[in-house]
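Got some structures for you, see below.
Each of the two complexes below includes chain A, the first together with chain B, the second together with chain C.
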Partner chain A sequence: MQGYFNQIFAIVWKDFLTERKTRELFSSMFVFAVLVIIIFIFSVDLSITRANEVGPGVMWVAIFFSGAIGLNRSFMLEKENGCMQGLLLTPADRTAIYFGKLISNLGFLTLMEAFILPVFMVFFNIDILPHLFPLLLVIFLGTLGFCAIGTLLASLAANLKTRDIMLPILLYPLMVPIAIASVRMTGEILAGEPLSEMLNWMGLVVCFDFIFIGAAVMTIDHILEE
Partner chain B sequence: MAEENSSKEISSSQGGLFWLTAGTMLAALIAIYVWVPTEKNEGIIQRVMYFHIPCAWLAFFAFFIVFVSSILFLWKKEREWDIYAHCSAEIGVIFCSLVLITGPIWARPVWGVWWVWDARLTSTLVLWLIYVAYLMLRGQTEAGSIRARYSAVVGIVGFLDIPLIHFSVLWWRTFHPKPKVISSEGLGKGMDPSMLITLGISLAAFTLLYCLLMGRRVALERTKDEIDRLKREKLYSS
Partner chain C sequence: MTPSPASTVEPAIEVKKICKSFGFRRAVSNLSFEVQRGEFLTIFGANGAGKTTLLNILSGRTRPSSGMAMVAGYDVTQANPKMRKEIGVISHATCLYPDLTPLENLEFYAKMYGLDQPADCAEKAVDGAGLKKRRHDPVRTFSRGMLQRLTIARATLHQPSILFLDEPFTGLDPLASGALKDYLRTLHTDQRTLLMTTHDISCGLEMGSQIAVQIDGRFAMMEPNNGIDPVAFESRYLNLITGGK
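On to the complex of A and B.
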């Protein structure tokens, strides 16, 4: 068991080291997310609609769009110079590779969210500080679900010729439940509702997370098989 | 020689199925357009139900077959299951499209709008998108083990997502009429018996149509495999 965690940690550490040297992924994800928010602000007239109602949707769209870039990138790096081959040749378990990638994707996306939340707060004039804890919980659960299914599909799409297009096409319809639940919960939290009012949504997201991590663990062997 | 015989057997059993399907289809058409009385509130447009519901049933059934075949493929790694999953997904997408087309035709006169973002409409649309993506994935990968494995994974994940999509859009909003055929009062209490019988015939006709299409499509895929095999044989032998 200790060895298994070491394998996962090694993959996560490798990804963070690469990112620290190149600094490609984080900057592109963050700038892209800010751009998505700005485009939405231009296309929705905030003087007519209430920021509280549009805001959560815009924030999650920015997270999902830039998240897809990050997912694509994480496996594209492995494809270059045959790194994936090397990774598969190591005695690491296939599920350890999945969890390693999942954790590093989750880490990058969470880091990006930490920077995008203040931007969101400023641009939409929404005070999120009183609701910070439930908001962070909802964002974490939603991001986990997104990364769970996203890492599985990205590992699959990486081997396709048209990976840039195929990943969003496969990913977005499948994460509709996460999108609806996260936007709904974020909206309700910003409106001041307590977490206990949205237990059904919470349950749905937790189910989503578990089902797709489970499905990934069971099927990843068949994808990472060369 | 033996191969010829078996192919003849397949075509003769397909012939029987073809006539059975044609007969049931004709009976369904007669029942829908001649026999069953027009619904009181909605009028003539209500007859689209006898196509709408069977198409929806067929699409869901086809996607279920994709799910089962995908699991069996990953388990047994036999090309046969891959063929079933592929053919069933194609048929499912066609009938899911038909549901999405007949739905607005029915909704326009009854609800006054073509489309509402109701639970069942939304989930059918999302389902359609998932399986269109599935077929695109198949189209973009070269034939072989990789394509079969990848599409099997998407086939499984896609079907697992259905209950989650269902609940999320259900809590999101819903306008669709409550199910009348299987309602809480008991099986078929919400409808006139003649309407139920017509719907039953129509469902039977569409299910037979699925079997027929599936048989033909699977045979086509096998022929393709056979041609590929022969091509390769000739190429390397010459």
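On to the complex of A and C.
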């Protein structure tokens, strides 16, 4: 078991080391997310619309769209020079490869969110600090679900010529339940509702997180097979 | 290097009637052969003869359509991690991360193979590949010869008992080619089993203890190399691949 976790963290270490050197992933995700927020700011008249109602949707659109860029790039790295082949030739369990990539993607997206939240706060003039803990919990659960299914689909799309198009086509329809629940919960949190008032939505997101991770564990062997 | 218990009693590689089809095209057709432990099998063949597909099947990367293949005593279709510990693969792809240094690349693979002291293993392997001076440079700045040396270091990092080499001399200058030959000889004298595909007749004959010619997915010949004359073999080989035309 120790070896299994060592392999997972070896993949995470390698991904973060590569990112530290190239800074390709984080910069492209962050710039894209900021652009999404800025475009929405100019297209919505905040003097008429309440920021609390529009803001959560904009924030999650920025997270999901920029996240797709990160997912695509994360498996492109493995396709370069046939690195995925090298990885598959090691005795590592396929699920260890999946969990390694999942944790890396989750780490990059969480880091990006840490930078995007203040931007969101400033542009939408929303004070998130009083609701920080429940908001972070909701963001984490939504991001986990997105990365769980996104990592699986990115590994599938990496073998396709049309991977850039295929990933969003496959990913976004499956993300609908998590997207709806996350946006609704974020809206309610910003409106001052306690977490106990949204346990149904929370349960839905947690269920989908488990379903996506379970589906990935069951199918990753076949997906990574040539 | 300690050979696996299975490999001391069984052939290192045992292939029985394997076939592999891609759609209607047969890349490997009803192929059967054995390679004993410590042997060096060189496989010659024209492009598209199915050499790479055969290597992919033996290394567990491609599932055969039918037939059975055992490598180091393990069924290749079972995706067995124990089998993957016993084999090393050098293919057309380097399998190296271009933005990482040789040390970082090999340390990563050492961790994935579950080796003790991965950093030390990587350091030794980089020194062994003669890349000590460049050990902190990103791999993307390396020449073809340096990349090939590092690829071999990666493939042999976990001391595999069986090594698959897919056209390892492609793109190497005579100096790098000579160095690679010396290294492969060292591996061979170390009682490892090597299976190499190549187009280079003189090189393949020089290295191999067994010689095979693959045509249309099957072996047209397989015999021990008892000092085969390269000139005579070349005309025989051309005769085989052109069908005597």
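The criterion applied here is as follows: the second predicted complex is superposed on the first by the 226 of 226 C-alpha atoms of A that agree within 3 Å, B and C clash if a C-alpha of one lies under 4 Å from a C-alpha of the other, contacts with A are read in each partner's own complex, and residues count from 1 in each chain.
Everything that follows uses one rule, which is that contacts are C-beta pairs under 8 Å (C-beta built on N, C-alpha and C of every residue); 3 or more make two chains touch, one makes a residue touch a chain.
Treat the numbers as computed from the prediction; the structure is a model and nothing was measured.
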_Taking the superposition on A as described, I'd like to know which of chain B and chain C A:N200 touches: first, second, both or neither._
first
*asked:* Taking the superposition on A as described, I'd like to know which of chain B and chain C A:E225 touches: first, second, both or neither.
replied: both
*Scan A:F64 for contacts with chain B and chain C and give back first, second, both or neither.*
neither
*asked:* Touch test for A:T18: chain B only (first), chain C only (second), both, or neither?
replied: second
*Regarding the shared-chain residue A:A181, is it in contact with chain B (first), chain C (second), both, or neither?*
first
*asked:* In the overlaid three-chain picture, which partner chain does A:F99 touch, first (chain B) or second (chain C), both, or neither?
replied: neither
*Who does A:G86 touch here: chain B (first), chain C (second), both, or neither?*
second
*Could you give the residue numbers on chain A that contact chain B in one complex and chain C in the other?*
225
*Spell out the part of chain C that touches chain A in their complex, as residue ranges.*
56, 59-63, 79, 81-82, 84-85, 87, 89, 91-100, 104, 108-109, 111-114, 138, 154
_Quick check: in the complex, which residue numbers of chain B touch chain A?_
74, 126, 129-130, 133, 136-137, 140-141, 146, 149-150, 152-154, 156-158, 160-161, 164-165, 167-169, 171-172
*Using the touch definition up top, name the residues of chain A that touch chain B in the complex.*
149, 152-153, 156, 159-162, 166, 169-170, 172-174, 176-177, 180-181, 184, 200-201, 204, 207-208, 211-212, 215, 219, 222-223, 225
*Please name which positions on chain A make contact with chain C in the complex.*
3, 6-7, 10-11, 13-14, 17-18, 21-22, 77, 80-83, 85-93, 221, 225-226
